[in-house]
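In the two assemblies presented below, chain A is common to both, partnered first by chain B and then by chain C.
Here is the complex of A and B:
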């Protein structure tokens, strides 16, 4: 199966660590993905609040390029991207009139038969647990890891059709494969404040603070995510939150791909773990025999 | 030569306001074979019926057409009137010019033309009518009640008190159903088991009731008056007639850990040999072979046998099949509570102190796991704050079911009230969508829970429940104040939705009765035949039909019983003669009719010559089951089936009358 890869803007910018680590583990797993040529913005939070047709047309163009290029499956690691691609695909599948309108404006056919995977679906469904397990060279035993899912991976459940929308476990299963211990806590899908980070940082700090302190209370060493915006709120805002609530957190926030990479024996530097705001080296020292830090 | 009378009814202005009734009469008089045509203000009135009878006599009529209201209204009235003059009642036909013409059209001229057409069609039909005799089916005057909850017990007692034998079959080791699990009942706070146990005992001791507990109906065939029933009596491993219910056996059983008590909804443990609860009827234990050491470890353990005085434990007992023939059946299989696993956000199953309403009933109950002292499952402490969440699964088309479970508003009010009575100074919160308290005394009951017992009612849904430092944090919305609320509770009680008993759809298929998309049995008519199923001789009672409370279940049990007693007051059951008949000469025995028949009315019939040699196989219609729906007529390739009163030649003649 030919696998298309839709990076979206985050993986090329603020969350470059996500792309670096993803490509690195795919290389180790010997899985080839091809970046969709001439891809454009998925629309994310802006388009669907302004123009419905545009919010469908933007992701549809990316999907159509991939489909016409002979791809059957697309990987969208960013949770917002996969959410938008799936939503557009769902609307095109269920609304023939809209489909005609959109494909006419794209001047491209689109059959809407593409399988769209978020990062976790891709790892569990396309790569497979067995293959991942067989690649684990450095089990991360002794490490307690909390998986934070956020909202976009699981909601709306009717369209995402992914895991239990209120109590997802897929990422915890991946964590367990690395040899680390998954930590259960109460705010797995609670809102992190998302894009309000720019307009209402106080709201974001309150919401993200709730999540981080709950994770801390449940004894986790670090947090894994599969969403660039979640990552940015949990990682970048952490120092401010600590100052605001006058309580230390010190929770490194890694992408799931980085955690897998570590267990595959890839160095933190090659996974770009040094690119985060909350340094992970103190926590990573807990892992025995991990290749040299930075 | 046909001598037809046509009677055009005005129905006051109901018909005459839109249809020119005189014109219809004039047109009728012109049709060959019509010897009398009349219009009258109210044909159904006494003078109307009398004129009908007089004309039958005077003109020696061979058939009658009434251009009037729907046959559902007065077909029977006119058939009876005709029969009194010696005419076969099936020689009365109705042209419906009210519901199908005057009530649905405005243009008088065109409405009149349509009324004339319908009248003409019926004249052609009645000309070709043949006399039809009603079918009489003999009745076995014995009833079967499936399900021994309050509805089934009430039905069984009422039938038995009417002097008719009843077989009561219950799947569980004891009768009593869900009601015996409840603590106190709303709105009177009667102790549920105090009012239930006398009924259970009465059912057990009634000379007309044969009770089969720990038994299931395996197979049902036949039809009204003559149902053949196979009942599987599961091996109890205890000889019922010798058992005294002393309890030595279950006290001796070494398996007293890790087997969850079904009766206490997993809040306590039971032994392998057990009675579900102390007031069980019959008070005879059941040995659960799936967990018993004797069966799991090759016969080594027999501590219960050793302890038993009368030696009534028999490890070799086998399942038994009992066959019975009954004339009528009550299906009262009850309900289950919805599994709340789709509400991951409420943490049921994850947090020990998030429990269901039925579990709270057991905690309240004096015979429950905490002997009526309110203690929470996690650490046995008495909670000071409880949050009750209503509509968990009910009224939620996204995750649960769209319908209202009806009893939750009331039992939640009762829970909050009893909590306030038992734990002084405590506080309860109730999240609700609407309060539905529509029966006698219900609204006052809910009000007093709010006003006297201090329960705080919050209109809104709960979005999340999580644990934080020993408290359950309940996050929700109060839509009346427009605020988000967060309550730190010691325990949370979920009012989980009501769904049909597991397996009730299978039973419905076995019985040949219809059920809705949720699995609730559907009544023959939602307003006018609420106790009858879609199949003659099978009646419905209790929650198996849909959510209802105890008084309604009792009423429905009694209703089913009175229907059966009414049925059994005659020796034969009369079935309308308009049923399917097979032309055996042309039937090719393809049995396509059998496949389309929804009522299992078609069977194979072997025709043999005098020497007993098989000549041919044909389809045969069971008059007790056939409803005359006509599905088989359409399915028959060789045109060998017709429904009496709706023969092909009649239908063609009607169409022709319309075409001319």
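Here is the complex of A and C:
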């Protein structure tokens, strides 16, 4: 199967760690993906917030390029990108008038026959649990890991069609495969404040603080995510949250691809774990026999 | 509270929203579940269920100038939980789009609105987001030059802030998309 890869803007910028670790584990798993040629921004939350048609047309260009290039499946590791690609695909399947306008504008046909996968769907559905399990060389036993899903991987359920929108478990299952212990807590799908990080930082810190303090209360050593924006709010804003609420957190936030990579025996440096704002060294020392701490 | 001003205006506004939303306002029976689960309800001036009812009553000015429509982060918790399957998240998109097209600048939440506008401008000129340029232009526009600046040195050190953005090759097609749909 030809697999297309849609990195999105964050993975080429503030969340470069996500792309580095993703490509590293795909290399280890011997799975080849091809970046969609000349892909453009999906429009993210900004487009659907103020212009519906643009929010369908921008992702449609990427989808049409991939489909006309003979790809059957698209991997969009960013939760927001996968959400926008799936939403556009849904609109193109259900709104014939808009579809005609868009395909006419793009001068490309679109049949809407590809499967669009977020990171977790790709790992469970395309790679498969058995293959992942067989690659685990350094079980992360003794490590307690909280999976934070946020909004866009699971909602709206009629379009995402992925896991349970209130209590998803896919990422927890992946955590268990690495040998780490999944930690249950209450804020798995509560919103971190997302795109309002720059425009409403106080609101975002209140929401993200709720999530992080609940994770801390349940005894997790670290958090895993599959969304660059969640990562940015939980990691980059963490020191500020500690100062605002005057209580230490010290919770490293890793991408799920980094946690898997560690269990495959890849060094933290090769997974770009040193690119995070909250240092993970102290927590990673808990893992026995982990190669090359930095 | 002043409610219906003119029956024809009320109908026009409600019909415009319903047409863009592909959903019926009358579906909502005001149970308030959307508002109970909304993560940003504490900052809103009207709860989501109030916005739905006010739209149905034709209170166009109040709805389009509300803080609520800009504070909504589209987390979709409301639509997911709505017992009637009403597009609660969708109505916020529709109302923002109407406000934007009418040139209404939010008095209280203009920064959220500006962020969306600066973001789309960035997509229009590069095809992709160049984060440093996006943040710079947003800061100039909102004049919050120093807010969050303390994060910059460490983000630079970690390699999170790229100094150069990427432009896509076929910018003409992006220009055409904006021309046809903006």
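Basically, the second predicted complex is superposed on the first by the 294 of 294 C-alpha atoms of A that agree within 3 Å, B and C clash if a C-alpha of one lies under 4 Å from a C-alpha of the other, contacts with A are read in each partner's own complex, and residues count from 1 in each chain.
What we mean here is this: a contact is a pair of C-beta atoms (placed from the backbone, for glycine too) under 8 Å apart; a residue touches a chain by one contact, two chains touch by 3 or more.
The shown structure was predicted, so the numbers you read here are calculated from the model rather than taken from an experiment.
Student: In the overlaid three-chain picture, which partner chain does A:35 touch, first (chain B) or second (chain C), both, or neither?
Tutor: neither
Student: Touch check for A:61: first (chain B), second (chain C), both, or neither?
Tutor: A:61 sits against chain C, while chain B stays out of touch.
Student: Between chain B and chain C, point out the one touching more chain A residues.
Tutor: C
Student: Please work out whether A:186 is in contact with chain B alone, chain C alone, both, or neither, and reply first, second, both or neither.
Tutor: Only chain B is touched by A:186; chain C is not.
Student: After lining up the shared chain so the two structures overlap, which partner does A:72 touch, if you call chain B first and chain C second: first, second, both or neither?
Tutor: Neither partner.
Student: Once the structures are superposed on A, label A:247 by its partner contacts, choosing first (chain B), second (chain C), both or neither.
Tutor: neither
Student: Taking the superposition on A as described, I'd like to know which of chain B and chain C A:27 touches: first, second, both or neither.
Tutor: neither
Student: Considering only touches as defined above, state whether A:165 meets chain B (first), chain C (second), both or neither.
Tutor: A:165: touches chain B and chain C.
Student: Per the definitions at the top, what is the overlap between the chain A residues touching chain B and those touching chain C?
Tutor: 165-166, 190
Student: Hey, which residues of chain A end up touching chain C in the complex?
Tutor: These residues of chain A touch chain C: 9-10, 12-16, 38-41, 43-54, 57-58, 61, 101-102, 105-106, 151, 155-157, 165-166, 189-191, 193-196, 198-201, 203, 206-207, 236, 240, 274-277.
Student: Mind listing the chain A positions that touch chain B in their complex?
Tutor: These residues of chain A touch chain B: 164-167, 186-187, 190, 214.
Student: For chain B, which residues are in contact with chain A within the complex?
Tutor: Counting only chain B, the residues touching chain A are 343-345, 350, 464, 466-468, 473.
Student: Quick check on the complex: what are the chain C residues that touch chain A?
Tutor: Listed in rising order, the residues of chain C that touch chain A are 20, 39-40, 42-43, 71, 73-77, 79-80, 89, 93-94, 96-97, 100, 111-117, 119-120, 123, 126-129, 131, 135, 138, 142, 147-148, 151, 154-155, 158-162, 166, 168-170, 173-174, 176-178, 180-182.
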